[in-house]
Amino acid sequence: MKKAIILISLTILGVYLIDIFTGIGFGTQHFASGVKDAYLIGSKETLRVSNVVTSIVVNFRGFDTLGEVTVLFLASMALGGILYKKRHDVGERSVLFPSTRIVMSGAKLLFPSIVLLGAYVFIHGHLSPGGGFQGGTIIATGFLLMLITYRNYSVSHNRLSWVESLAGVLFISLGLAGYFVHDSFLANVFPEGKLNDLFSGGVIGIIYVAVGFKVAAELTGIIYTILHEKD
Amino acid sequence: MEKYLEILNYAIYGAAILLLLIGLYGALTKKSLIKIVLGLSIMDSGVHLLMISIGYLKNGTAPIFSPGHENELAKMVDPVPQALVLTAIVIGFGVTAVALALVIRLYKHHNTLRIDEIKNLKW
Amino acid sequence: MVGTPVLFIVIPLLAAFIIPLTGMVWKNSVRIIPGIVLSYMLILSISLLWHITETGTVIEVIAGWKPPIGINLVFSPFSGFFATLMIFLGLLVWVYSYKFKRNIDSEPALKYFILLMLLVTGSVGIVLTGDIFNMFVFIEIVGISGYGLTSFYTRRDSAEAAFKYLFMGSIASTFLLLAIMIVYSQLGTLNIAEIADKMPMMSNKLKVISLIFFMLAIGVEAEMFPLNGWAPDVYTQAPGPIGAAFAGIVAKAATYATIRVMFTMYDLSGAMDFLIVMGILTFIVAETTALRQDRLKRMLAYSSIGQMGLVMVAFGIGTKEGIFAALFLIFNHAIIKGLLFFSGSYLVYTKKEKHISDVNGMGKYLPITSVLFTIGAFAIIGLPPFSGFWGKLAILTAAADSKMVALIAIILSVSVLEAVYYLRVVNRIYFFPKKESMETQKPTINALIAMISLGIIILVIGFYPDLITGFIDRAAADLMDKTGYIKDILTINN
Amino acid sequence: MDIINIILLVFLAGALLTAFAGKVSSIVQDTLFLITIIVPAILFFLNININSETVISLSKIQLTFGLTPLSLFFAFIVFGLAILAGFYAVGQMQGKKRKGYLYFNFLLSIAAMFGILVSKDLVSFFIFWEIMTWSSYLLVIYNGKNVQQIGIKYFVMSAIGAYAMLMAIVIVHSLTGSFLISDMIDGFADMSAGMKLLIPILLLTGFGVKAALMPLHIWAPDAYSNAPMSYTSVFSGALSKMGIYGMVIVFMTLITKLPQESLIRDIIAWLGAITAAISTLWAIKQDDAKRLLAYSSIGQLGYIVVGVAIGTPLAMLAGLFLAFMHGVFKSTLFMVVGAVEKQTGTSNLKEVTGLIRKMPWTFLAALISIIALAGIPPLGGFVGKWMLYESLITSNHYLLVTLVFFSSTAAFLYCYKFLFGFFLGQEEKEWAHVKEAPAIMVVPMLILSAISVVLGTFPQLILKPINSALAFYGMPDTYNNLWKESMIFNKWGDQVALTPIVYGIAIVFVIFAVFLFFKNRKTSRYVTTKDISTSGEVPKEYENLTFKENFFQPFLRAVEPAMRRQMDKYMLAFAKGLEDLFDFTRRIYNGNGQTYAIYALLFVILLLLLSNNLFS
Amino acid sequence: MIYLILTFILLLLMIGAAIYAIWQKDLLYAVIASGIISLLLSIMFVLLQAPDVALTEAAIGVALTTIIFIIAIRNTVRFEDEHDKKIKKEKQLKSAEQ
């Protein structure tokens, strides 16, 4: 009965959605003029950042990104609260599956290259696909690999906090620099450089690196906390 | 033939909407908390796909000025939905992590994952 | 001027990132810094509120990109009124809970204050931002800090409440994204002012459907009737003062979002009537449910939901008087519900179940708290000379001016129910013998300060409402002036 | 700063100070309390100025204060009773708990009544009305007995009334754009027919609650009998008159402009008469003196409503005269009960007996007031009732006058029961130790009794102000034509002719009373109440065979059908039904998070399906 | 042309995986199916010219989300109907005792 009602409702919803989206059309631009062109031109001419998504994420809509890293920060904090245990309760972490020697050495080999890849991704965030989020996540997966293969591999909580906080402070202070120099938060204070140069886009690259560190630290923290939950 | 294949384009919308509906169906009917969270995350995926495909331009290129192709502005797909989805994915992950932590705690507290048995708070 | 609107967001975030570091060195900083930040925000918002009476709306752009390209923050009389109110209440919640947690060394206690600060920040962000997707991000910030705060006490059923909230919140945010995307696909912009400007370009069908999705998404946070199942659980299970924060801060921010979307962004004629219907439904269902509660906090929670329904009705009336009434009700609700949650949680402090019968005879043991609770109860019923009366009078006058006689009758008859359940509690406080097993917990000095200042505000506004009617009037005028809002933002010269 | 504002501020400050003065000393508290009543009264009576008007302007609303002759008349009642009851309260509260609480709310309700009387706009009227309601509510629940039932019942009924009034107020504002009462009266003629009917009905509902009109009276017996007696004397004497005050205004200014005027007048008058009749029967049934007086109060208010509703000049005069008289004698009687209760610890008519020699002064006050209440000639009650009957007959309401006459006659029964129960009958050993109440309680009672006597002789003392008050609302000058209208004043030439007769009766009465008093004193002998002849049957020990048991049983049996249907029970059943309904609706929140999410889905679907109708 | 068909197949697979994930009682498989959805999704993103999003989805959706789901399952129960089975078993035990 309940399921039938839900199915019918979902069908109605689906019909409406399909109706709208076929109406909107696929593969064409739906609006006459939008912010899209301003972003493309601004990214190319003013910011000199070749990856437009990056310039949107970090500069045009950088405020969203600030909110986003805050969401992750909050998530790791909330997670710590939800799964909080008194210190002496924290035992060994559960291991998903017993890892063999091959896995262990493989992980050890892979770990540096994963971190390096992540670092590469966020350093080149303004040039090629990728950036702080992607790079940070990749680094976090590296730590994840180590955490699930090695039973006693541990990440210092304090050190994570340091990285996380400093990266956050760096982000905000770069924004505040813009606030004090150009009267506008997140405004670019460094020379823009040349398109497709590593040192282009001024402050954007640096902020994305900060975001990368922050995301990496936060995600690692989240995984660390949730892994230490014993059954 | 080409014309019929044209319709296939809309399959992306259809699939995205289906993902959304399937996820919603799972979240609304499944009793297991983990299934519900799973349903929610599938639903999110559907919406993300929908958003990206709205920004897509036929024969468009990625919104990146690669060396030598600096002037193809008009051909670039809309970067805005991509930026939004980027944000949304990360936020979605944060929410999923919190949700799963809550699920773990609920399981410890109630020793069950069935949502219809976890209702100490009602009326 | 002390600063610009962007500092409302940036300073708390900076503090939030720094606090984990300072907390390693100096434990107490975790409690103190949020207080300092909140006080700073209050000073900033009050000074801005004075400032804009002379210069008009302050609009700040982020990253130097003018709207609609960049994100902008708008501190108008309307949003400034909300922001100031929410920050003030946030500060009081901080004062109240300064010593709330007895063992401050435990780790979650440290997180409490950061989460609280970011809850306030997120709500202020929702109110100030001029960008619809940015609003989504702030809603998520509020949501996650809300989940964290709700599940703060590990021994209660708090995880259950938080999960319900999260469940609803996730569905809401999915549909919010969908709605934003539909709007973006048609108008190519995310700026609220420009969306409002270009709204006529959208086809009616898409307008309606995206509005419905917006309503679902924001209605969850705004505790609209069929979407508010999570709210009483969260109010009940969160730590005492957080109930006040939800009622006074989160619900307010969501109401703001509702109004911004329905009133400013969309130009649909039926939207306002729809708001009235939803508000009345919320009001009736919540108040009748509150009547039959046997737990104090749950009763307060339903009552709070009902009040928010009333606010929606007042907005839905749509005239300037209606908006004036809504803003007055919002002010009252924030202050009074804050006081009720504050004092109520001390009345049933030591009990886990927090039954209404636990307040029996507390008038003798906690005299000040009881008197304050009584003042709050009388004020929320709408008895003069407390501030609640003026709000009620304002909404009734507005409804009468719009010839909605049936609406007046409904509001008044439900108000009778409200009076009944509050007076039942007051009677219990003073005239029932105390339960043998009930221990009392004397309020700490900081809690008393928070409660008494709220009580004084209720009385002062009750005697002299003109202290705030000026601000509310300007705010209402600001909201009514839709074209002015659009013009201000789209023609800004930085 | 106008004098009215000063008076209100004095009240407020005094109330707050009094509430907390108990921490300093009890005597300081008492003194402050009395000062706070007396000072405003003096200030007020020294500065009576009908034409002055004070405006407190808030940005949206202007609160206007001023006096009208009518409110002046009611202010006499309020302040007079407040001062006397204040002194009485000081005596009664000696050594009791929650003194500050009583004083605070007492003062606030006096202030609120004063505020109601001086309000010239509807908002301040409503504000003071509500302050009056909640301060009296707090006193109704004062003794903590069964507060959830009695208190809530009082508050709900009051709230229904007040909100009906508020609805009328906002509608008036939307139609005339002003909150001023005078604007409402002026603009009333231009309203649509529906509004014209709605507004008076809503206002009458509001005032009817306080005037304890059927079927809005259900709060009254419990509330009157549960409040401390010092307050009930004000409650019944002055506060219920606020309802009458409002009704007078509505009837004189709004109802007269209605096409359905006579219908509404008849309905309200009949309601008043029925209230009087039924509550008189209930009063006869009561064994507790407080409840007896409470029902009696409702009945008396019924007469007043009849007078006001009929609305001929004579009836109006009668109604307001009765209102004044009722204020005087009913508060005396409540004070008597309070005094007896303080001295004996109970107010049950079956238990207390033979106090006539223990509390002679109290008895005297009770006797005079009972005579006034019953409407026996030499005292004030008679004048009022006579005028009422006459006005009803002259306006051809024969059925109504029968009903009123019936209830007035039946009232003798409870009058007798009250008097006999406390003071007459044999003296019991149990009450041998009882002493007269302290002077501070007795003197107010005696003063009020004296007023009853004086007004019976010189009714013109109070008829004159009433007349000028009514003239303000356009009533023809009744007072000066009184002897053309009323028999009582004219058959013998002029109105003074009544006086010698009254004097004669009073002298005979007093001599007889003194004679009896001294005679009985010498020959009395103690007999227990059980020691009575029982026609050969031997009464068992536990059977109380005094005729206080089932006092008027045959009579009550005769009228039982009229009493079987209790409005109270219907309303309680209704409330119960509502609560059950709400219990059902709250199951919407069934605790399952998934269900809430399904609600969300259904919400969206519903809106999608209705979207064409909702948003166009 | 070939892209279209590839897209179509990808979409079909994705929906199939989604249905499987919802239908499957073994939560571990369901979670892995959802990981597969994310993987296919990230390929879709590449096809839709959104490489940034694709990278993010690949890292977060495929790796991290799946892992935390698996950890959650480790900490709770693996089968969706485990609870029902438990109750059934208890009932059987009870009836056997009687």
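In this document, chain identifiers A, B, C, D and E correspond to the written order of the chains, with residue numbering beginning at 1 in each.
The definition used in the following text is that a residue touches a chain if its C-beta (ideal position, glycine included) is under 8 Å from a C-beta of that chain, and two chains touch if they have at least 3 such contacts.
What you see is a predicted model; the values in this text were computed from it and never measured.
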Other chains in touch with both chain B and chain C: A, D
Distance-to-centre winner among chains (Cα means, whole assembly as reference): C
Between the pairs A-E and A-D, the one where more C-beta pairs touch: A-E
Rounded Å distance, chain C centre to chain E centre (Cα mean): 38
Intercentroid distance (Cα basis), chain D paired with chain B, Å: 69
Interchain centroid distance [CA atoms averaged], chain D/chain E, Å: 75
Length of the line joining the C-alpha centres of chain A and chain B, rounded to whole Å: 16
Shared-contact residues (touching 2 or more other chains) in chain E: 50-53, 56, 60, 64, 68, 71-72, 75-76
Residues of chain A touching at least two other chains: 2, 6, 10, 13, 16, 24, 30, 34-36, 39, 51, 53, 61, 64, 68, 71, 74-75, 78, 82, 129, 133, 219, 222, 226, 229
Per-residue overlap in chain D, given as positions that touch at least 2 other chains: 586, 589, 593-594, 597-598, 601-602, 604, 608
Pairs of chains found to touch, sorted by chain label: A-B, A-C, A-D, A-E, B-C, B-D, B-E, C-D
Sites on chain C touched by chain D in the complex: 160, 163-164, 167-168, 171-172, 175, 204, 207-209, 211-213, 215-216, 219-220, 226-227, 229-230, 232, 268-271, 273-274, 285, 288-289, 291-292, 324, 378, 383-385, 389, 393-394, 396-397, 399-401, 403, 405, 408-409, 412-413, 415-416, 419-420, 423-424, 427, 430-432, 464-466, 469-470, 473
Residues of chain D that touch chain C when the two form their complex: 58-60, 123, 126-128, 130-131, 133-134, 137, 141, 144, 147-148, 151-152, 155-156, 159-160, 163-164, 166-167, 170-171, 173-174, 198, 579, 581-583, 585-586, 588-589, 593-597, 599-600, 602-604, 607-608, 611, 614-616
Interfacial residue positions of chain B with respect to chain D in the complex: 24, 27-29, 31, 36, 115-116, 118-123
Contact footprint of chain A on chain B as seen in their complex: 9-10, 12-14, 17-18, 20-21, 24-25, 28-29, 50, 53-54, 56-58, 62-67, 70, 73, 76, 78-80, 82-84, 86-87, 90-91, 93-95, 97-98, 100-102, 104-105
Residue ranges of chain B touching chain E (in the complex, touch as defined): 5, 8-9, 11-12, 14-15, 18-19, 22-23, 25-26, 30-35, 37-39, 41-42, 45, 48-49, 52-53, 55-57, 60-64, 77, 82, 85-86, 89-90, 93, 96-97, 100, 103-104, 107, 112-114, 117
